[in-house]
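You will see chain A twice below: alongside chain B first, and alongside chain C after that.
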Partner chain A sequence: MARKAGTGKGVREETLGKIGNLGTAVATAALAEHDPFVDVPMRTISNTTYSEARRLLQMGDATLRRNLFNTAQARKFMQTVLLSKGCKDLLEAQKTLSLRGMYYKSLHTIAGTNEKTFEDQEESDGILEDIEVALATLRENLHLFAKKRGTMVGNITVVDNGDTIDCRHMGTGGYAIPSICEPSVIQFGKCEAKFVLHVEKDTVWSRFNEDRFWETHNCILTEGSGQPPRGVRRLLYRLNKELGLPIICLLDCDPWGHYIYSVIKQGSINLAFESERMAIPDARYLGIRAADFERCGLSGDVKISLNDRDTERAKQIAEYPWFAKKKPWQKEIQAMLRNGFKMEVESLITKDISYVTEVYVPERLKAKDWLD
Partner chain B sequence: MEPTPDVAMTKPATRRRGASAEEMSAQQREISVSEFFAKNRHLLGFDNPRKALLTAVKEAVDNALDACEEAGILPDIRVELLQRSETRFKVTVRDNGPGIVRRQIENVFGRLLYGSKFHRLKMSRGQQGIGISAAGMYGLMTTGQPVLIISKTHKKKPAVEILLKMDTSKNRADVVSETEHPEDDGIFADGHGTQVSIEMEGKYQQGRQSVDEYLDQTAIANPHARITFVTPTNETVDFKRGTNELPPEAKEILPHPRGIELGTLIQMLERTDRSQVGGFLQEEFSRISPSVSRDICAKAGITARTWVKQVGHAEAEAIYKAIQEVKIMAPATDCLVPIGTKALLSGLLKEVKAEFFTACTRPADVYRGNPFLIEVGLAFGGELPKDELIRVIRFANRVPLLYQQAACSSFKAVLETTWKNYGISQSRGSLPEGPIVVMVHMASVWVPFTSESKEAIADYDEIRKEMKLALQEVGRKLGIYMRRRQRMRHEGERRSIFERYIGEISQATEAITGTSARRIYDSLLKVAKRKTEEADAVLDEEGRRVKDADPLRKDDSVIILPGRAPGAPEADEAPRSGKVQGKDGLFGDDEPRSTRKRKGTV
Partner chain C sequence: MARKAGTGKGVREETLGKIGNLGTAVATAALAEHDPFVDVPMRTISNTTYSEARRLLQMGDATLRRNLFNTAQARKFMQTVLLSKGCKDLLEAQKTLSLRGMYYKSLHTIAGTNEKTFEDQEESDGILEDIEVALATLRENLHLFAKKRGTMVGNITVVDNGDTIDCRHMGTGGYAIPSICEPSVIQFGKCEAKFVLHVEKDTVWSRFNEDRFWETHNCILTEGSGQPPRGVRRLLYRLNKELGLPIICLLDCDPWGHYIYSVIKQGSINLAFESERMAIPDARYLGIRAADFERCGLSGDVKISLNDRDTERAKQIAEYPWFAKKKPWQKEIQAMLRNGFKMEVESLITKDISYVTEVYVPERLKAKDWLD
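After this line comes the complex of A and B, so read on.
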């Protein structure tokens, strides 16, 4: 028999209540012959503030009213109500769906027209994020998940929807981090690891896994396929909060690597409403550092020139309030801009196949040479 | 210009040079008008076979219309082109007019410059008395065939059939044969009428400047006329009536003093029956009262009692100058009969498949002492071609002008109008672009044509100014419509956007809340309708009254057929001509237009 998936009863009832309120507001406005609307909090940098005290990004109070009787908003309004209904179905059935699944569930041709309810999944994904913030709930609570991305291996045992998974015996592939990593789905078991090393992508992760780095250094090894999805961030948060494990990041030396670190540490602008349950203010940035080119004696071949977009992005990041007051970070970004090139983690392979796992990371860890 | 020596030595040259006045006088003789035009037929519009065919039809139809109107008969005209060989046609035009009395037939059809219209100042189609006789002459010259005329003046009188042959040297015609048909031979259904047949060289080709186009435009400007056209391929085209009201008869007027030139004045002084100058001025001109007459004479240094015989060249010149200085009332304008906005609209409506029609009749004005009046009609959208320059159709006293567009005052007036103000694109120095037909009509007791073939209106400032004012007036209405159409389309889109989503929203909301989707749907639909009331008003098929203050709705000079607008719910059949006339609602505002449209279609 299929297990019931998704959130617990309390959360589910609460979320259903919120969807019900949205529906009632629409029905009431309609019957009163008013223009129905949904207020959607704005997910823009202008509506995002950095809390110095809590060291994370927070969403402001600004909302955008989405009306039915506005040509520019009518379609989005329809989609909002339609997807809200889709989520209600999901919660009542106690099943979960991927974002893509929900897109298909709500996809049909509007009666009497040849217009589809959605042009593509992107359209529905955006609306689902709107619903999430409008209802002040979480995607997980709506029983939705994203495509799986991210891998984990290391000295820890987890229970995933009732199945015990020993991350010490995951072969070359590792444990695929699920999209929903809520306590109701994943519980932590035995854990000997002392820290988590998060690397940018799975090519680097494979190098570390093959060299059994997590075994020799008693840690957990994760990767997030570039910008880590919510599941990975939520898992890292819980490893940090619940098990007290420090999170140390090994990312590329370029503005994108810097921003991945920023998202892990402070939260993202788009999902600022989730910072509280995802941001890890104590995360550390181990490398790659701008100084590593000389320090490690790398060959000139690994340099990748900074283009205009990179330079611009680097300057933007330097001005983010959560970087602005950190002198080491300002120096780091300036050093990169002075170099005029970026470096990927893989550039260390030019020294030796296992240089990164055997020399670079151990030395940095030992020296506690990281950025905050 | 020295002749070369050997030529100079030849005998003929020597003799010619030595020709005496006596000898030369032998060569000198009167040239008849007919002879002159026979040699200069291009002046009358017979320059090539295609144009000749058109001109012949045009002259005959113009005469027929004039005759019918003068006799107070609703014109019913039949035009038949019979192709004899590749380049030879028999043109037959029959009308239901009063017919022509026997003794005048030779004069009307056989003499150039013979007619009732040249010597008077009265608005009519023909004005010089050249047209139909020239056509007959052209026929005779190109085919050798005489003109066949059948005339019947009364039900109880026999029809007369006459074959006429022009004698160009004498400017008159000889009767080749004459037959009476005592029995009604049935060709004149009304018991009276005229039929003229001319066999001539010609070329029939449809398209611009064709017989078809001429008849087409004639039908627009003469919605009271029914015209049947039998083409050389034996197809019958029927131009139905748009109205059963005959235009009122035009009054004849005396010349206005400001309109004449010195030479004409002298001529009039020589010919007058009046013996004193005062009487001459008062009787031969319009708008000269005894006091104005005295003023003129005083200014000219004579008195009203001065004998006309004593007026020499110097005095005549003084009178002429005085006329220009003395204040004289503008000529009476009741001599002009405009087509009228109502008839203009019904003419356009039945011949042009557009969605928006407007027309305007300007008050009369005067050029060179001749009263005139400008009317403009405009049709927009519908099936008119979108990416072409607009079409200008020109009329003078209801006669279409098909040639020399660029030389015409009306064309210049269209160019000089700033169409961009009305939402129509126009490149500098060229006609505007868009699905538009503009019709310009000049009505006058004397239309100043640039040539005898009556193809273009001469460019007098007063005329062009009036044309521009009329164009601006219809342009403004078009502009209002263009903006409204834009808005309508926008509103229409809005409504359909809302309506298409309301169903989804109601069902989803029912699924969430349990409130009946039907109720939510109906309520939301009400809001949608309210929000887009304007779009509703235009598209409404149920005939709900419109509350908005749309200036075009109350305007009698505007007709809008929403069914022909692009994107209309269903492309309705155009209203049939003949059924849109009268007060059945086309011009009032008591019923919604869509209903009217249906009425017209039934």
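After this line comes the complex of A and C, so read on.
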């Protein structure tokens, strides 16, 4: 065990301090014979606002008090204290754990009762999100991770837990992006790349990697296997903020593709507190565009009809504050609805296997033809 | 585009030859005014047998003839020819394509009709499996790939498409195992490892990687994110056959875990033809074992009740020919059924975060306590 895991000393001590303060407040109240409580910022849509100035989703000031001596709140109060203790153990041991692992670590039957500390992992996941916001930290700083997805290749060297990884020589497989991409774990080495091309699916990523797009266009190539997990979003954020690289997205022309872009750009509505450290307001949407059906001369075979749910989602997304005032985005979503069909990135294969890497993306990049 | 993709020259030419022969046979019949046909080995359970001698699932000799001049068969006949042509294009271009990509590549509306060549990808995937067996080849040799899953670290160097990847220095993320792991793409370099530990989930893999288990126990660490995809199975097969490394599996104690082991060991019943190049009859099942609940002193909290479907699946798996005659496996499945509950690998976290890496697996390895 040469190298300890998780966050670096500074962040770890800061996070331990925050957990300590929470514990001290609870203990002090108890010793003074007051009702112990924890204040948790509300993670509701009503407490989420979009800041035009910062171009970010932000959490408001509303909080929810959880008291120990309140039968409706006691269970959640105790779960909060229990999981805070679990995270403290992790930080002190300099280990990381999956969300499921933390559920198991904190799972027991309360002595003298038949009551389990948690009914299922969903219950503990919710409380862990509460702890994130209550401590104004991130899950990653609590040494918690989720299933990892996503891979990277390109003109950059990263240092991951002390190992130097040259993403220019990662073969057909690539570097698997970890779940925790904090600066204490991942540092950036030499980088010649001028931008990041982020694609939705790993099969499309393989096309770009096989055609060595990242080499011919001097970029970094990432994928997030659908909706990118937090690790991929945090990595893209850091590539953007720390190295100044534009993040250019190639996603399907459907509400799901638009929503992936929305989350990369502004953050997730349910988890607004993470936006400050994950949202990339400058991210760009290169395609697929509704106009591509005509523009690329695609055949009717690639059309996938929009169903009712798609139409409903498209209308919801059009009303998001960061899309509502942007005419190009309103036009884009209207054009898709008028088309009445979706298109996948793979639909370009009907032109030629490498049309997407040799014609479509290079032309759009050259013309700076993207949506903001 | 420095390096061409896909299989090496020898395999590529052999596969091209097979596709050519199929095309020639069809064309010759047509020119002689005979009814062209393609014979496709039957991929049914009735045409699948278990060879005790080879300890493998094998496909029998039964074939199905697809004629052009038969209204019930003409569509599938034409799809077979169309996709064979698609694979020929890929091999000649030295490119690879995802199954979805090949669906799009071959998708068009037949001139003068409203008939699409394929209704959906499922239809083309089925025909591609037919082509694999009809040509006695593997999908990977037709330059087709699927979504990749799974990662690797450990005491081995691999060469992937000309890039040297030192799996001893892959940080917290790891090397993403590609979908095509044929010898023409992936070669093995220096390897000190004495065995492979294959775990079911990437979150468990992270625990082993963080604790540097592969370093302290001189092994390779892989995961397949559930049921491992063909790429991971092929890689494990090659590590076993070419480097002589035992493959030791750590999976959940439930019918799903047992089935993952079954597929790694004997192959998939639906795709028996792939067994010869993917099944690992010597693979070992280390745990989780039904007896571990008592043996490890776990608390009742980790029990997950078996539902009716689990019980049914467990009984089916017990009757698989490679388990039916093995008393230890019969006992294992009976013990699980008698317990009435499943257990995940993560249940060991209730003992200690690193109990699985520091106690459970080392003790079992030392005692050679596994199922064959």
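By our rule, the second predicted complex is superposed on the first by the 348 of 372 C-alpha atoms of A that agree within 3 Å, B and C clash if a C-alpha of one lies under 4 Å from a C-alpha of the other, contacts with A are read in each partner's own complex, and residues count from 1 in each chain.
Methods note: a residue touches a chain if its C-beta (ideal position, glycine included) is under 8 Å from a C-beta of that chain, and two chains touch if they have at least 3 such contacts.
What you are looking at is a predicted structure, and each value in this text was computed from that prediction instead of being measured.
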{"item": "Chain B versus chain C as contact partner of A:68, first or second or both or neither", "value": "first"}
{"item": "Touched partner set for A:81, first chain B, second chain C, both or neither", "value": "first"}
{"item": "Partner chain(s) touched by A:185 [first = chain B, second = chain C, both, neither]", "value": "second"}
{"item": "Comparing the two partners chain B and chain C, which touches a greater set of residues in chain A", "value": "C"}
{"item": "First (chain B), second (chain C), both or neither touched by A:354", "value": "second"}
{"item": "Contacts of A:112 with chain B and chain C, given as first, second, both or neither", "value": "first"}
{"item": "Contact residues common to both interfaces of chain A (with chain B and with chain C)", "value": "89"}
{"item": "For the chain B and chain A complex, residues of the former touching the latter", "value": "493-494, 497-498, 500-506, 508-509, 511-513, 515, 519-520, 523-524, 526-528, 530-531"}
{"item": "Chain C to chain A touching residues, read off their complex", "value": "1-3, 5, 89-90, 93, 95-98, 100-101, 104-105, 107-109, 116, 145-148, 151, 158-165, 169-180, 185-186, 201-204, 206-207, 210-212, 215-216, 225, 299-302, 344, 346-347, 349-350, 353-354"}
{"item": "Chain B partner contacts - residues on chain A that touch it in the complex", "value": "19-20, 22-24, 26-27, 30-36, 68-69, 71, 74-75, 77-78, 81-82, 84-85, 88-89, 110-113, 115, 117"}
